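Let me begin by presenting the structure, written as structure tokens, before commenting on it.
Chain naming follows the written order as A, B, C and D, and within any one chain the residues start at number 1.
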Amino acid sequence: MQLKVDSGRYLLIELFFMQKYQAELIGVLFLTLAIGLTSSPLAIGLILGTLVYLFSDASGAHLNPAVSVACWARDEISTRQLWSYLMAQLSGAVPAVVFLWWFTGGTYAPMPESSVGTLRFIALELILSLLFVLTYLGMMYPPRRRKNPAFGFVIGLVFGACYMITIPITGMGLNPVTTTMFIVADTLNNGYSYYYLPVYLIAPLLGGLAAVFIYGRVISPGKDRS
Amino acid sequence: MQLKVDSGRYLLIELFFMQKYQAELIGVLFLTLAIGLTSSPLAIGLILGTLVYLFSDASGAHLNPAVSVACWARDEISTRQLWSYLMAQLSGAVPAVVFLWWFTGGTYAPMPESSVGTLRFIALELILSLLFVLTYLGMMYPPRRRKNPAFGFVIGLVFGACYMITIPITGMGLNPVTTTMFIVADTLNNGYSYYYLPVYLIAPLLGGLAAVFIYGRVISPGKDRS
Amino acid sequence: MQLKVDSGRYLLIELFFMQKYQAELIGVLFLTLAIGLTSSPLAIGLILGTLVYLFSDASGAHLNPAVSVACWARDEISTRQLWSYLMAQLSGAVPAVVFLWWFTGGTYAPMPESSVGTLRFIALELILSLLFVLTYLGMMYPPRRRKNPAFGFVIGLVFGACYMITIPITGMGLNPVTTTMFIVADTLNNGYSYYYLPVYLIAPLLGGLAAVFIYGRVISPGKDRS
Amino acid sequence: MQLKVDSGRYLLIELFFMQKYQAELIGVLFLTLAIGLTSSPLAIGLILGTLVYLFSDASGAHLNPAVSVACWARDEISTRQLWSYLMAQLSGAVPAVVFLWWFTGGTYAPMPESSVGTLRFIALELILSLLFVLTYLGMMYPPRRRKNPAFGFVIGLVFGACYMITIPITGMGLNPVTTTMFIVADTLNNGYSYYYLPVYLIAPLLGGLAAVFIYGRVISPGKDRS
């Protein structure tokens, strides 16, 4: 049952029969598992890169609300599709976090080092999300770039490199959907990481929007559009 | 002497004159040596990636019964070929393990950490084998994807990334043929790792079959088939 | 407002409206941030590789005065453009260093280990800059090579590999614009690293010019020119 | 002065005016420097990969007598060219080792761990050289494979992975020309590593010849020749 997403109304349940949302769900599920099972940024980056290769044709392999919001801001997807992407991503992160709680017997609490102030926390999440989303836009959407067969590794490994930077400073954020679900689980497990949820949620989205601006101003116009 | 594998009967010994089974034998031999000689998941992943590049044209570079079973379930190879692949892989792992016993003066005993229960053990082997076999199917078989020249590194490095996850939890499994031969050697060496053989043997195969289902449902239909 | 850079006069301020100088500015800004935020040469190399992919079409992704001077010596850019590239790179490094001072509460002081003499210091900076600029010239400029889609990773990862060599010996140099700005900040912060500025500034430029010579003699003539 | 290497006699000195031997000389020089300046197998592998990209068009980027001998055994180069390749490689390793002695104030003595017996030493050098030369032959010479733009990284990174295996067991060998020159310098520096020279010298060459056999039997015939 392959439903056309752009032409007409469909029920929520139908989302799960569409290939692109299944791809986002499964992709985010594996990404969340990888983040929860290892603290090696290289392993996480390689697995994200692999997921981007696997699901790029099905859904564009967003796997991150900051990417989906940026693609929406660039009119690559409609508002309706944006909500479906976010719903699918959330539906992938929930079972992954449930599994991880059972598997590890605890929950991962994303939080910045105590010496990192709020402004620094916001700045780092925003700047590195900007870099990551800019990489995604640059390697995935202009058809000329996507032909570069390294696109999956570029996207995955720059995310891994960002985690190499953030892990000792602000933990494993840079992805509102995985971080939110880790924090929800940690809160249910009597943790206090919910205090940091707003920054983990909003800063990457703002970084993604800044990436859209820079992408349109510096990378895109000269060659891809005109 | 190049025998056509699909057209007619051949004796077991003839297997070893066919390029594709020689490729599987030599590939598994080197992979088993790499796993036995180093515990660096990056080195193992890079060597697997290289072997995939070298032997992809000769045999498809399965090098893992979970991959061969998945390819059989997708009708990429016949039942007869499946047995030949498994036989060739076993024939590569045996001399490698003999060599390693002599070289290191001991045997590697794959086993999960004592705190990891049976269910968690099964779950991790199954999920990561699913990811690995899905990657193999996605990058190797649709001709459009195989044209992506990164295919060998994607397959090899996602395997390395899975080992980065499993090494501190369940050891170096995810490949029934290498693990089985390590366990056989360890048992001959008076070890007790044979207790864990069923999981190391069956969970990756089930993960591979689950990968076939997800591949057919999410990755393949939209673009490669229709 | 897309100004043609080769045809006519323009004011300094107009530089910042040209895509290519914006690309250099933003690229150097992110590169400087990466160097200042982590001491992992792999992370820095992967981020540089990503920036090369993102900005190669806009500006050639020099991101390093040694590269710009080498491109100028090979007549890839005019003298006027050279000054604009250097100005743009400096304009990217300044805000990055200001941000890093605020973020880390200190400044990074590039300096060689005390046991490394001046001649060794000069030699290492010169030789590894030669290798890096040679890689840049080889992978970026002959159109045939640039078609190799690995070009960004080759350039970024050889830089990361050079940092793996230099970090325990001479620190993170090999780029006159980032090093100069780190040293300016360190000097304002009462540091003494300015003593080493001349070598960090001049040795990479000389290495770049040597790379131009070797490139023209060994790599270029046989196939790309004739 | 571009001399045709296959048509006529030339004096030894003329070698140094030919692009291909200059490429080998400079490539081996940088490879030897990398091995002498760092013990990070990843850095060495990345630098070798870069050198392969830079010099593949000029000389085929052998950079290793085991590769040159294997190419000679496959008739890719003539006997006369083989001697020129070896001479050029030696001419690159000598200044590198002189530089390293001055730079580090000592010499690197390649030798196996004391617990590794002679047979194991020979076996490991032979097997990993076989893998490396097989990779070189597979990725560099059939034109179809060389079109795979990952060829440089495959060759460089499998060498790095082999070093990850050998460094704690038999040191940094796998290349007769670099190892020989390290041992010559160490001997002049009153070291005793010359005792191990025969194995470091001969085992990789035998491994390379075994790679030629396997390459011709398993990888080449099915598709590249017929």
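One rule holds in what follows: a contact is a pair of C-beta atoms (placed from the backbone, for glycine too) under 8 Å apart; a residue touches a chain by one contact, two chains touch by 3 or more.
Owing to the predicted nature of the structure, the values given are computational and were not obtained by experimental measurement.
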Touching chain C and also chain D, the following chains: none
Per Cα centroids, the chain farthest from chain D: A
Same or different residue numbers at the chain A/chain C copy interface, by half rule: different
Where chain A and chain D are represented by their mean Cα positions, the distance between them in whole Å: 43
Euclidean distance of C-alpha centroids - chain B vs chain D, Å: 30
Chain C: positions in contact with at least two other chains: 42, 149-150, 153
Topology of the chain contact graph, where touching chains are joined (line, ring, star, complete, other): ring
Each pair of chains that touches, named by its two labels: A-B, A-C, B-D, C-D
Footprint of chain B on chain D - complex, ascending: 41-42, 45, 120, 123-124, 127, 131, 134-135, 138-139, 145, 148-150, 153-154, 157-158, 160-162, 164-165, 169, 214, 217-219, 221-223
Of chain A, residues touching chain B in the complex: 2, 19, 22-23, 26, 30, 33-34, 37-38, 40, 42-44, 46-47, 49-50, 53-55, 57-58, 99, 103, 149-150, 152-153
